[in-house]
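Chains here go by letter, A, B, C, D, E and F, matching the order in which they are written, and residues are numbered from 1 within each.
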Amino acid sequence: MATVTLISDAEATPEVRAVFDDIRATRGSDFINNFWRALAHDPALLSATWQRLKSVMGPGTLDPLTKELIYIAVSVTNGCEYCAHSHTAAARAKGMTPAQHGELLSVIGMASQTNALATALQVPVDEVFKV
Amino acid sequence: MATVTLISDAEATPEVRAVFDDIRATRGSDFINNFWRALAHDPALLSATWQRLKSVMGPGTLDPLTKELIYIAVSVTNGCEYCAHSHTAAARAKGMTPAQHGELLSVIGMASQTNALATALQVPVDEVFKV
Amino acid sequence: MATVTLISDAEATPEVRAVFDDIRATRGSDFINNFWRALAHDPALLSATWQRLKSVMGPGTLDPLTKELIYIAVSVTNGCEYCAHSHTAAARAKGMTPAQHGELLSVIGMASQTNALATALQVPVDEVFKV
Amino acid sequence: MATVTLISDAEATPEVRAVFDDIRATRGSDFINNFWRALAHDPALLSATWQRLKSVMGPGTLDPLTKELIYIAVSVTNGCEYCAHSHTAAARAKGMTPAQHGELLSVIGMASQTNALATALQVPVDEVFKV
Amino acid sequence: MATVTLISDAEATPEVRAVFDDIRATRGSDFINNFWRALAHDPALLSATWQRLKSVMGPGTLDPLTKELIYIAVSVTNGCEYCAHSHTAAARAKGMTPAQHGELLSVIGMASQTNALATALQVPVDEVFKV
Amino acid sequence: MATVTLISDAEATPEVRAVFDDIRATRGSDFINNFWRALAHDPALLSATWQRLKSVMGPGTLDPLTKELIYIAVSVTNGCEYCAHSHTAAARAKGMTPAQHGELLSVIGMASQTNALATALQVPVDEVFKV
């Protein structure tokens, strides 16, 4: 249950409709997931978020699956339930294998542990790490 | 300034020395960074952490650089100063280019933003994302 | 499903009852939300939390709606599902408009993004910012 | 010490220079704080971040000081040292009084406490809070 | 609804079965909770996590209940719903009384509040606290 | 460098002075650590925080050292540098041994890891854990 209603296609204003259309065209799918339908209460925020996401997750020097794995790592660390689900699904759609998923989880678990230890110990940054 | 002293080679117990030796052999470098010197107050914790790290970050279906990028993503989200420095340095040593660094930061920034929005909106998980 | 049962009016001890009565009188409503019913297992914690909340959220130099927006910002960043719901409802009851809600979300999203970037980059604090 | 160098005016590419110029014009000040100088290694990320920040923090239904207080609340909860400093300075520049600062801290402290309690108790969301 | 299926006893590989058997033997109970059934998709991660957990939570200089209280404190602060439930149940099984639970919550609430205040104020570490 | 100045004894108002006196009397020491000197800009917040801390950390069903260990666990997970230092020092003053410190760190590291895994996997809460 969201803190706002989910905007249906029928309720979409022309500005929202344009973003929904671009999401559909970009993804080659008619499906609009709930995140965008909740965000659609503020067309400017919806549009800015989608435009930036499309740019950031698009072609670059990191391949699309690597970007999704990084996205999952941040989402899990932030404790975002919706994001853990949606980006795990997205990573699978981009080819993440069960073995890769297991390694992703292993790195996330390892980093979470050493992050806590380094913080508890307040380890000073080594001189060689400084630029 | 750490919450414990940093264990020098001279202060290392045989058990700690064995871990330091394995770190040096594995990395092909004489350098032991401060994290391990702080952790060395508890040889069992030092050994368990290093053994697990060596295994998790070793060869697998994800390449070493991808694992470092995921490690940075978790470390940044957890706000770990030491880890942000040490793993950014490690990623560079493994070949991260400035362009890849910029894309990593862009994905981390994007995920942080949509994580917050999804949490603020308490967006319900779409049925299609459920396994 | 809470990790404790929710204390009904019939189960309330006199000390709990006194807090419930004060919540009702302060808010001009008979409704006691689940947070207080869960907290009521420890009357001292219930009382201290309510007394402090009443004082902090009461009249001051910041208006009540501004305080609720700040409360939402913290709650979202902490990933608290219950708090996101209860304080969004409270902000609406205090007059938050859809436009203000959209701007609140935009600022939360922006801050989440730049927080992550500043942490990833470990940007040193400018001298002019220091008091 | 940042994980990247800080880009001076002399090192700025034309694209970076254009953003720096707009920051100066928008703020009516020659000063460019370190955050932007660190971000300038990736001109596209620098530009996108600045453009969005300028839009989000600009005129709206929430006044500029309220937006800064919300920004501080998120930054503190995320544990961002740089952001706590820079946005506290920004709030003062926009007129935050010591009394308002004290109330901001009081709300942040209160929310942090009840967020933790609600999470520990896993309080179920009241039906009346659902839209 | 997990992001993976839960591995039943019938689906368990021999390696997973061996871990499940050790969990049962160690706990003196036939029950395997969902965490291990989700983790069982990666037998190596399952095994490493269980072996380390058994060692860390086993006999030592801190008694088992104290270790559970610390585990709850971390889990709540990380906003982990599953962990808040499972470790509160575990603490009760190890003898946590309602009064101890109330004090645990009070300390968690207090620490959350002063953590936020210290971060907002960026309080410099006192010289006497440094080792 | 704090975001506010640190209030010296000479600058303390009578209300602040009364709190400082009570801190000294309660602790049997003339030393006032920086946290209280920063908080002293808002006497009401200073007084409320100290009074609550004194009550929460005082005698109860959990011993003082256990409360400090819980406080450290929360502080580390929240990434609070000042708090990690001040409460590690406090725990030592209350008798924490190096072996106990090592076990505390081990539990914090373990919990951080399994918290991340449970969140990544979105493990559903077992029925038996529900009250």
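To be clear about the criterion, contacts are C-beta pairs under 8 Å (C-beta built on N, C-alpha and C of every residue); 3 or more make two chains touch, one makes a residue touch a chain.
Predicted, not measured: the structure shown is a model, and the values here were computed from it.
J.: Please report the minimal path length, in steps, between chain C and chain F on the chain touch graph.
T.: 1
J.: Which is the least count of steps on a path of touching chains running from chain B to chain E?
T.: Counted as steps through touching chains, the separation is 1.
J.: Through what angle, to the nearest 5 degrees, does chain D rotate to match chain E on its C-alpha atoms?
T.: Copies differ by a rotation of 180 degrees.
J.: Does A-D or D-F have the larger number of C-beta pairs in contact?
T.: Looking at A-D and D-F side by side, D-F shows more C-beta contacts.
J.: Where centres are the averaged C-alpha coordinates, which chain has the largest centre distance to chain E?
T.: D
J.: State the chain with the largest centre-to-centre distance from chain C, centres being mean CA positions.
T.: B
J.: Where in D-E, B-E or C-D does the C-F interface recur, with over half of the contact pairs identical by residue number?
T.: So the equivalent interface, with over half the same contact pairs, is B-E.
J.: How many angstrom lie between the CA centroids of chain A and chain B, rounded to a whole number?
T.: Here chain A and chain B have centroids separated by 21 Å.
J.: At what distance in angstrom does the C-alpha mean of chain C lie from that of chain A?
T.: Averaging C-alpha atoms per chain gives centres 26 Å apart.
J.: Determine the centre-to-centre distance between chain A and chain F, using the mean Cα coordinates as centres, and give it in whole Å.
T.: 34
J.: Taking each residue of chain E in turn, which ones touch at least two of the other chains?
T.: 1-4, 45, 49, 52, 74, 76-81, 84-85, 88-89, 99, 104-106, 108-110, 112-117, 119-122, 125, 130
J.: If each protein chain is taken as a node and each touching pair as an edge, is the resulting graph a line, ring, star, complete or other?
T.: complete
J.: Tell me, which parts of chain D touch chain F in their complex?
T.: Result: residues 79, 81, 84-85, 88-89, 98-99, 101-102, 105-106, 109, 116 of chain D touch chain F.
J.: Please give the residue numbers of chain A that touch chain C in the complex, ascending.
T.: 1, 3-4, 41-42, 44-45, 49, 74, 78-81
J.: Name, in rising order, each residue of chain D that touches chain A in their complex.
T.: Spelled out, the residues of chain D in touch with chain A are 1-5, 48, 52, 55, 125, 130-131.
J.: Considering only the defined contacts, which chain F positions touch chain A in the complex?
T.: 72, 76-77, 79, 81, 84-85, 88, 104-105, 108-110, 112-117, 119-122
J.: Using the touch rule from the top, collect the residues of chain A that touch chain B in their complex.
T.: Those in contact with chain B are residues 1-4, 31, 33-35, 38-39, 45, 49, 52-53, 56-57, 60-62, 66-67, 69-71, 73-83, 85-86, 88-89, 97, 99-100, 103-104, 106-126, 128-130.
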